[in-house]
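I have a structure I would like to understand better, so I am pasting it below and will then ask my questions one at a time.
We call the chains A, B, C and D, going by the order they appear; numbering starts again at 1 in every chain.
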């Protein structure tokens, strides 16, 4: 049951007050976004631009969308995941005259796609996507929408992988800026953001200690590196599973143990996937797992832990741990297996940092959304020059976000002199 | 408004189902307590023993109290803090035929003391205390209760300090085992338990990143050491404030910065107190603090941040951040100061790991409560030999808990041979 | 005074026995090189190939060169730095019938260039370079040598920078494989290798503790990252100086302090440069430095600390600390400054890990030299296809070295299934 | 062959210049000792006091002994280990008119005891001991010396264990201050000092990387804790072996793996003992060790690795790695075992930080020797009140050393107010 406010469709407008407080808090800790706003980097150009936003709908996203809207754009927003909308934030966001929201937590699969369709049918100039569901859907089903787009931005590794595939199939029809390929994105959001928030999700869901535990991190990309670092920082013995031999040696040199997953699960207290690949945890792993092993996923889609396989080897399951924040309806599920062992699944195998936690820290999203903001400006400024392909974030946008961050911290850095610049270019 | 179930006084019996799940979860991760139960270390002796329990009333405590009750004791339980009772756990606990509960979250100061009085008037043989409010109260106001006690156990540094003071004033009338002086307590609960759970509380209350922040830890005892270690593990730049020069040099060698608090607050993003001392953060510190500085306390009493001083330099305040778990009514408060700056206070200055979090991790409390359990057995076994003074946990109890923990982990360790034992005793 | 053995010119043939032991030790801990040898990946192709090697002449290099020579090549070897040849190793190496050595420790600037000229005039097919002195020299002075080369490999960031400059000036005439751009090189050698060995050099030169010290690392590239990580691992408070704002934010998130060098020197106990840039530490920094500050360099050339500037602000200097290993003649120099302070310079400002230490760890060089080995094979195999430009290490060479390393460690890793490979390529 | 200078017996007086430079360097980094000297805490009282010093004879010890001598005492010095004297330092020390030295590196067992006898026969008022060889010898063989002593100080855990044993046998005849029981000793010297210098010794002896290695630390006392911390800081995967279950759980919570030694050696790249116990590494461990495992000891005596057992299972051995600093004659020995494997022994199983390195860092010894200095003053001041027993370092001496250290660093700390002091003493 959802409520319609103005044109928006949300869970409950009465939650708006709480949502406003959350957004106000987030804004206080997003200084780069604030500098972008106050430096007037953009106001006139954005006037009247229509934007379809398909991002996890919570407080930091709201600050980003409000800043965009305050700059003159029209925003149509839904979420990129049926379970990650914060209804209070959605309610507060819907109060903005230039923002229309179609999203609620726990929306059905069918409603999820309906909401994406709604934002795509808002005649957008730009799509902001997270996982590429919107961009792919539009390419497949809404040719008319595609043909009127200036372009899109994509937030995640997963989304970029899909857009590359689309491009390799010769089907990509719009320019897309892969925000995730910005250094100020993947070096921070993927690594520090996911690392910290996944540890939080784990603690929040379990009230167990991390210290002393055997924690298995599957995947040693930027996300896996971040999770491993923070788990170790909390005292875990970390084991890494990888398919890339170079990353495996890197993990070895970092002092982690490297094992095949089938060996690692036997000693695992926790298993967290961060691969971007499907069917990583399969029935053979589940059956070999140590009794009371806890499984969680930090990858974008809930395909890394194979839920079909899990159910296939399960005799009974129950919701075993309700937890509160930020929603009261989520849980740890206990699976009693055909071999008599018990394993636990956190947040239904969806991204543990969002479903069992509060998502990335505010300051991290400040960097990512600032890159988004400047990438949108770039799309508009260069709309006549861009081709239908995947673009990296331009280096000077990356640099500008970094410099604004340092400015917000009051940190000064050194500069190369002309002589030093020449020295770097020399060969003698 | 509270509800009376059997003899218990609790918030809401309907919450019992949720409470039962929480307790079941906790029990699954308290293997030492389970080994104590299954090894039948105690059953007969405890039959009919009456115990007044004044401990934070949440799931791990419930496992402890249920294990005691299952061993034949009669339990009368309240909380040692008006804000830390989990009402669902209290409801579940009250279902046990041998357990009576007088506690609810948010009880008034007056109700807090009434509840302590209720458990003390239950004709206890033993008091289990946390902070020594019950022990002190009984000494001052309930002489008859004191005279019938076998003894008491005390969980915290703060409580032991108070009992030492009582003893030095010649007023201590019962044997008290200072459980906090057990190595399996302070090396684990104070250090790893508080460290981890305080970091969780901070993240939970704020959704801010710890990485890169200037985090000031005031006090470098076991608790402060644990907090500092985990904050650093999450990427903070940690600054330590101390009054003990030896601990200050120790912190310096650990690579922390050491400053006076008045200097540290100027660069602080977070300030966490862990001193056991009152009026640590005073108005001069608050006024000098960096704008948007966040203050929290991990010490037992809410006296470390001087709330009178804080209010004195405040022009307006508001509740700025509701958070969920485990209760929906708590918050971050924003204080707008007379000098125009804003500072934030977490959880009203009460222990951030409990009020803004879920308390210590389950496995940590397993160790502490196992020490409690065995200390209670010790009191009963030696009741004729013990004098009215503060006792440390006997070394073999400490050892037994450690050995049970290792057994539960399947870890084997080496043993000294007779020749090696002789070598250690040699002087040639 | 040097000694001629066969055609070689070295310090002292009598040192060969010690050198042989060093080389034997190194060989025991270079398992990837050993697997390359035993897997016969190369033997026939290398027969008769002539190689000019300009690498730091110590034990690990010797294992590499012996393996090459055992595969049938003719080696002509000198060092890429006048101070880094180990005379005992040079003596042992000169005993190999297919290896000619022209190098000794402490050779003059003039002899340094004469020795480079000697190896270049040996009619090489391939140059192995470290810093690009040989490659550049041949381009400038020995056109005939260049015209007969198959190509070259270059070991360092510094060398690659120079070759890029050469290429941008349109002057590069041979294919060069930038071994440093291999992941199995820069992720390991630059980061872990230099980090660890620079810390060793610092400890070796000073016998001071790192714990608690303010250590300033100038430059946060792979080398700087490695040094910072290890200094922190030894207990230092690390301060990073950078010119790149993105790297500065990264260092900030890692929990380091970020400062301009002029501010950092005021609190510095140690300053280590790792920038690849000249004149990084200048007189203004030296004069502002804390009394007794210790300066060292980990960059390739001794230009990062401006020695002219240092001498200009010095009133007197003395050799203050002889140390032993691996040579007795080196030292810490004490500079008494015009403002009355004292500062110290380690190893004359040359790379502290080699001049004050033993160079990179054996296992690290095993990876780097294995990449070199396979890159040389690649040059030969593809000599007809390669153009005069800078090439990265081919990805499958990187992978092979990683897989051989894992094999040598007995570590197994997971593999992607066909279904998973397809999943990664999908867009739906 | 040794040389007699004045009354001293040393290796070579010509080494004095190098020794003077070493001592000057050390003095520059021993600010607490310098503050003690300049604050004139002691001068008159020490005039004419005769001191027998049995300490590792290297530069930091020399600064301590010179400071004592400059205060008016007469010093008679030898070493507490036949392999740890630095002959250049001994030569420089012997130049002081009030210091007589009997020590050289590589002295025979017989000479070692003769030298101890020489210093004991110098009619000392005070013995400064390290390991208690001198104190025990005097009790057993030199009753007349004992009867004239004011008392002694003892530097190490090992020595204190022996003196406790002597005391328990009722044989201790003099007051001994156990300097090792001072917090400013064991928290720093044992932990940070030995940790750092053992890692240095390991690197110096091997030129291997620590990163990624399985390093087994046997013993998790202060020394073992320090070694484990620094090995991890350098990237090792650390495994702890313990006999104390509490320490084992502590190590587990720190994220180390805990194993019996017999299991640990199977995966060990390095094994370092730090137990204070004999026959820790026995033939069964050696035979089970991974091929090319490296054994080292950081405990006081060379009994932790059972050399008889090692030789018993060895078919051939050779000196395999000479290294330089600080002496050219030391080595790694390669043992080829009866089962065909090879293992290595560093520094003959003597303390690896001294025999393969340069001993503790200068600033660490500054703390330890400052405690020694003030403990000697305490012995003299209280000579009429002290009984023949083991004393801890008085708390105010510990505090004074800490405060002087902070003063030397320019660090200010907070102080408790009178109100706070009262609060701590309260029970209400």
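Everything below uses one rule, namely that a contact is a pair of C-beta atoms (placed from the backbone, for glycine too) under 8 Å apart; a residue touches a chain by one contact, two chains touch by 3 or more.
Every value quoted in this text rests on a predicted model; they were computed, and no experiment measured them.
Contact tally for A-C versus B-C: the pair with more C-beta pairs in contact is A-C.
For subunit B, the chain whose average C-alpha position is most distant is C.
With each centre defined as the average position of its C-alpha atoms, the distance from subunit A to subunit B rounds to 36 Å.
With centres set at the average Cα position, the gap from subunit A to subunit C is 39 Å. Here the spacing of subunit B and subunit C, counted between their Cα centres, is 53 Å. Counting partner chains per residue, subunit C shows two or more touched chains at residues 192, 211, 232, 235, 252-253. The residues of subunit C lying in touch with subunit A in their complex are 132, 136, 161-163, 165-166, 168-169, 171, 183-184, 187-188, 192, 241-243, 245-246, 248-250, 252-253, 258-261, 263, 276-280, 303, 367, 398-399, 402-403, 405-406, 409, 411-417, 419-420, 423-428. Those residues of subunit A lying in contact with subunit B across their complex are 18, 21-22, 24-26, 28-29, 59, 192-193, 196, 199-200, 203-204, 206-212, 230, 232-235, 292, 319-328, 332, 358-359, 361-364. Considering their complex, residues 211-212, 232, 235-237, 252-257 of subunit A touch subunit D.
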